[in-house]
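What follows is a group of structures, each given as structure tokens.
Two complexes, one shared chain (subunit A), two partners (subunit B, subunit C).
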Partner chain A sequence: MEEEQRLNIKKEKETWIDVDQFDVVLLGTNFIESILAGALARAGKSVLHLDKNSFYGGFDSSFTLSQLATLLEESKDVKDPIPPYLSNVIVTDNSKIFEEEERLEQERKDKEEQEEQERKRLEQEKEKQTEQQDTKDDETKGGEGEESKGEEQQQEQTPIVKKPIKKTLHELGRFFSIDLAPTLLYSRGSMVNLLISSSASKYLEFKSLDQNYLYAKNTLYNIPSTKGSIFKDSTFSLREKRLIMKFIETIRELTQPTENEQDKQEQEKKLEELNSKHDGNFLKLVKSFGMTELVESFVLYGLSLIHENLESISLKQGVESVQLYVSSLLVYGTSPFLVPYYGCGDIPQAFCRLCAVYGGTYVLQRSVESLSFDENNILQGIKCTEGQPIKTKYFIASPAYVKTLDTQNTYPTITKRYSRFIGITNKKLNNTLEQSFITLPPNTCSNKNVINILQLDSICVPYLKGKTLYHFTTLSEGESTAEEDLKSSVDNFFANNTQEATSTDKPRLEWSSYFNFTFETLTNDIKEKNVLNKDGGVLVCSDSPIGSTIDYASQLEEAKKLFEYICPNEIFLEKVPEPEDIVWGEAQ
Partner chain B sequence: MNNNNKIFQFKLVLLGEAAVGKSSLVLRFVRGHFLDYQESTIGAAFLAQTVCLNDTTVKFEIWDTAGQERYHTLAPMYYRGAQAAIVVYDIRSEDSFERAIKWVKELQRQGSPNIVIALAGNKLDLAAKRKVETAEAQQYAEENGLLFMETSAKTAQNVNELFVEIAKKLPKTPTTRPGSGRLPITPIDNNAAKKKTCCNGN
Partner chain C sequence: MHGVLKVRTTEEKAKAARILELKKIEEYNSIVKKYTDNRESEQGKYNETSLSLSQKVLEENPEFYSVWNYRKSIFNQFKETKENEELQKLYLNEMKFIEECIQRFPKSYWIWYHRKWISLKLDSCDWERETKLCSKLLNLDLRNFHCWSYRRFIIQHSNIPLEKELEYTTTKIEQNFSNYSSWHQRSSILPKIYTDAEEFIAKLQEEFEFVRNATFTEPKDSSSWIYHKWLVHTIKQIPNSNYIDILKNELEQTNELIELEPDCKWPILISLLLKIEIGAYPQDELKDQINLLIKLDNDHINYYKSLFNKI
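What follows is the complex of A and B.
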């Protein structure tokens, strides 16, 4: 019995980590934890990074179709879920019905074709007979007769060429990269800047979106990317175009980067004047332009892309976000946005790799069982789920983990909920470019909050022709489910069956899912406290895969604050030296 | 001649159990040297080395595992988009050979279609302690369409040869690297970009 126990312990210890002391232990490989891990290792800290899942990125990961379906299915059974979690999950898979319909249709066509060929063959035979008759009549035409014989042989051969077998949706499923929380990167936003400055961009490839749209009054309006395209645009009236240009010009004057001190002071003065005139409120500034309803929508929802608490957005924040949009245009493509080629899930992976390159240790499918503190409530170490004790000064995880592991201290958070829809269709929306971003202002399709729609190629293999992938995202308030929040907008764009698709020419939904996404985030003042209050080495970071802005700016800010708390005098993600600049063999 | 010389760039990943000599192989190939006590991680994103064939130049962008193979936590991003892979084992360790076979299967399942895979039995300088027979590995490689060589990073035996064989086998069509619309992001000249945007130009 004792022997058995000893063996068991030995067996368990085989899975133990070689080292049992680290400067920092992080649990969870979400976006914030991963960036933080990369930054800490880069600054010379020893880092242990764990994740209870078998994959990187948690809810910031990208999934193949079958992985996503499994995840959604499993989340239906979770009792007493802790954030981040999925709820109100509905999955509709019509792909088999459509594939069967297509098969029958193809059979019908093939049969028709066969009959047609048979008919032609008979006709030709008849012709040949007459021709032969002709040849007998006129011997000089003999050559032509032979030629037609050759053609005939060719024709007989053509039906043998096999048509490529059409792959089913689920066979294609493994080439998909579907984000639970899709996020866009401004070409000149802080995330892209960091990816470049930290060299993490070397691990990634991106695609630029083709076009942004605003959906209003049952019309998709192009959001123009150049002055020229504004004036070429036929959807806005001349007056509306002037209003748009006037607004953008005003923002430009306020924010244009300048070296000249005098110009700078002038800019500040102007901003201050506007600020006091409009009580520092962005919405009031926009209203002061006397825009039409459409132009106002365009500016507020199409350009500023701040989709939460619009009434209380500060003038400065609003101006900055419009400036960010405008300065990101035509950097990498016509749209201001980039998305990772294989989904947003690659971003946490890139920073985890950076961490590993600088000596960070990674163990997946391993969590933390308990934390140990000394009498002064200072963290001493952690115990892994495999029983291994590990000494550490800092432990960093999302609120749900920290709350269950450290019950002595309180960590106040706020819970946010989003409604999501993911759909795969047979084609893209009419009159749109392939990779598009569409904004639906409130009350467009009986929606309370702004809905963001992302239209993407679903398949990341260049030579495989794919289906079209759709993401709908909106902030959900109260108890409404994702289906309640999004169904009318989804039905507005897509057809649920073939009859409807044929009569309306809408894309047909082959696979779709509604779900709610709940997570915990730290409010602004708690964020400060959390970082600055010495909680004895236990630090909390938000789950937040989706921020109040469309990009990663707020999450990045949070990672930076946590980093500065642990490494006050270090550079956040200093550039990695080029391989040519590394001296080998001296780092012993 | 020079006019015809085309440069092709490929992503090559290294796979295999810890301590079989993956980093040493790369360092021998890229830097031409060998350290008896190579640290288990390398502080570089990846290394680059060029192989010249008759009329083409092949540039390898070589990714090392950065120790992430240790607890089996290599990210899918690692071998995503890789056109070539070297799966390394230690000829003195049957376990490392078994593990190599698992990696080959993983690549065939998850890697890019048409990926060129090379199997390398490393530490040939220690052949006296051999546990994995050449014929066995050779047969496995043939059955699975892999390139195969036994190498020694220490003596440099077959190291360059291995990379050259891979370079030869890689498809040199202009479409190999840039897929439709895929782009890397690089710093952009501020002034050049400014001119193009609608609000800064006139």
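What follows is the complex of A and C.
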């Protein structure tokens, strides 16, 4: 009896956290929660960060192939409302078929080779015999020398060939970092700026993207963007070159950062003039340049990367997006984009690490069961699924998590649904560079919305070439499934079987999956009021909204807003001092 | 406060940096003193110490040009006293030393002069390697004119095919055509490659088209227009080139650009100059164009006024 009690206490203690009280408890390690956790800990708050999953990042996580396959398999029947929640999942694994085909093909080749060798050997022997005959005829005493020569030749003919054992896709699977929600970072975007200013960048590695393409009229066009690439380009006429440059120059003049007050006023005046001339509409501004259709799609889909509801993008938004693109060029490479080397999931993890360095406590596979309030409805603390109750002033989670705890209050959210496709092929697309971003404007492959394609060749399986990873992402409207939204574009680029692959020279799909996911973002109205519930202790933050927009600007903005609410007048993610500037060992 | 890091302030950092700097100045002065003392005492009889002491000075300050000349005198004297084999070794060492200096000070005139001087003393200079070094430096700074000048020196003294150099200027221009040096390099090679008049004319026409891509991409950039002016000047001097027709075509293209960019001075100026070359354009039209240029670009008013005498 006593023994049992002691064991129980011991077991309970194992699940305890050694502190009972925190300033802030966050549930879920999505993008916004992770940045916020890092910022709060950096500013001296005590932070407890929980996640129901056994991995960091939620929607913003990166997975190995087998992890991803498990996740996809599980989400077919479990309707878990906790991020990442996926629907309409289809997985096609052809890798075994191809590997079997390759094995048979190899066997056939080996056999042919053997036969060829055998044939050659026989021929040589024949020659040798005649040769020997000839030499014997010429020289009667040379017998011994000939024999030893023959032996040497025979040894050469039977070399031991060691065939490298080709790894199967699933054996290679652990080298992949596959994002559920991949995105690109602008070299001069707010995320990269923050990573540098906060020194969180030291936890990450990036690679510059090689090339951006626009897919139109069944052709992949380079998106020329730097002066050099426009000069060199052979797609555009001289007039078109001038018009693209003129468009870029106009944007640059409008947005060039300046200290001079007069210049600033001039810029504002110009922007206002354009605004009233084009009803504040970006599309109308672009149309006013009188470009050809192709050049116009280059500008709309190549230089500006806001692709959702193109007709209603404000002039300011559009101009800022192009400015971000143009100013990010030639910073780390010719492309304006950076890709995290080990997947986007590394970014939330970097901020979690920063949080932990500044004393944050992390517990994975633990969720919150209930919240407790006092009689005035002020948040007192939380009760976790395991361990002791914990006191806290603030509790932050995404809408889906909060809904499971607090059914009385619903938060008005906007749900966005995306269709995704992830594919692994045996090679990259013809005439493309290794790491590429391809934009498909609407109606190129019977698609309603823009489809973004990310091709990752050498960074997905860095040490073993021969596999390429693809991501397709598009905004999904209505009830259409990922397969309905994306199948025709996928079929356009890839082959489903070897026969098709050989005849069309397309990359062959070895493993692929279609799925949908739904994001809940808070309505702008709530964002303005700092995302609060009735008592000010429970805060809600958006799921990380990605899709056809690029970078993490909106997530950062929201994290910053929440931070400023909890820590007014504090610096958001102040730079971590360099080790050599820290004064060690002095009495404090 | 417990658990709060103490970080060095900017003043503390600046102070530490200043102390380091003062120490460095002191070290430099002592190096220079050793060098001058030795120079006075040796009385024009040079040895290995002369080389090593002057090298130390130049490592710190390559702009001290009399030290480079001092080294030249040393090598000149060594030539009288030493065997060629030993000399060659010294020259190679000198090349290596210069290479290290250039990496740290890529824009010092004296270093480049010295490299040219030594490279010709070598029995066989590896010009291929020299070219590669230049390309490396130009990747870091594509406008380093010392480096471009050294490339021309290499061409002059090596057997490296001119076509290869032409190709190199093409890639450099494609990277960034706002580069006077690479356009200039092109203009200095082309006449050497195309010695046949007919072929040269055909090539120049190609060049007109090539540079047009640049002027249309960025009409404000003067480097490509200067090359355009060189093309006009060159084609004019080829006998029987029928250049008027070519210039007429150029005029047409330039006028098209003016339509797109009516406020840019360069296409207007070039169109004016082309009209003067071709001749037989109404005086009033030319005068209007000059007046427009004066209005757009008042800084060069006197140059534009001088054009009145040419029409």
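FYI, the second predicted complex is superposed on the first by the 525 of 588 C-alpha atoms of A that agree within 3 Å, B and C clash if a C-alpha of one lies under 4 Å from a C-alpha of the other, contacts with A are read in each partner's own complex, and residues count from 1 in each chain.
FYI, a contact is a pair of C-beta atoms (placed from the backbone, for glycine too) under 8 Å apart; a residue touches a chain by one contact, two chains touch by 3 or more.
Source: prediction; values computed, not measured.
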For A:I230, using the defined touch cut-off, is the partner it touches subunit B, subunit C, both, or neither? Pick first, second, both or neither. both
Touch test for A:L238: subunit B only (first), subunit C only (second), both, or neither? second
Quick check for you: in the superposed arrangement, does A:L195 touch first (subunit B), second (subunit C), both or neither? first
Dominant toucher of subunit A (residue count), subunit B or subunit C: B
In the overlaid three-chain picture, which partner chain does A:E293 touch, first (subunit B) or second (subunit C), both, or neither? neither
What is the contact status of A:Y56 with respect to subunit B (first) and subunit C (second): first, second, both, or neither? first
Does the superposition put A:E73 against subunit B (first), subunit C (second), both, or neither? neither
Once the two structures are superposed, pull the subunit A residues common to the subunit B and subunit C interfaces. 227-228, 230, 359, 577, 582, 588
Quick check on the complex: what are the subunit B residues that touch subunit A? 27, 31, 33, 35, 37, 39, 41-48, 66-68, 70-73, 75-78, 80-81, 113, 179-188, 193, 196-201
Can you list the subunit C residues touching subunit A in their complex? 1-8, 13, 174-178, 212-214, 216-219, 253, 256-257, 260-261
State the interface residues of subunit A toward subunit B in the complex, per the touch definition above. 17, 55-56, 192, 195-196, 199, 201-208, 224-228, 230, 248-249, 251-252, 256, 326-327, 329-332, 338, 341-342, 346, 349-350, 352-354, 356-359, 361-364, 435, 461-462, 576-577, 579, 582, 584-585, 587-588
So, in the complex, the side of subunit A touching subunit C is made of residues 227-228, 230-232, 238-239, 241-243, 245-246, 359, 577, 581-583, 586, 588
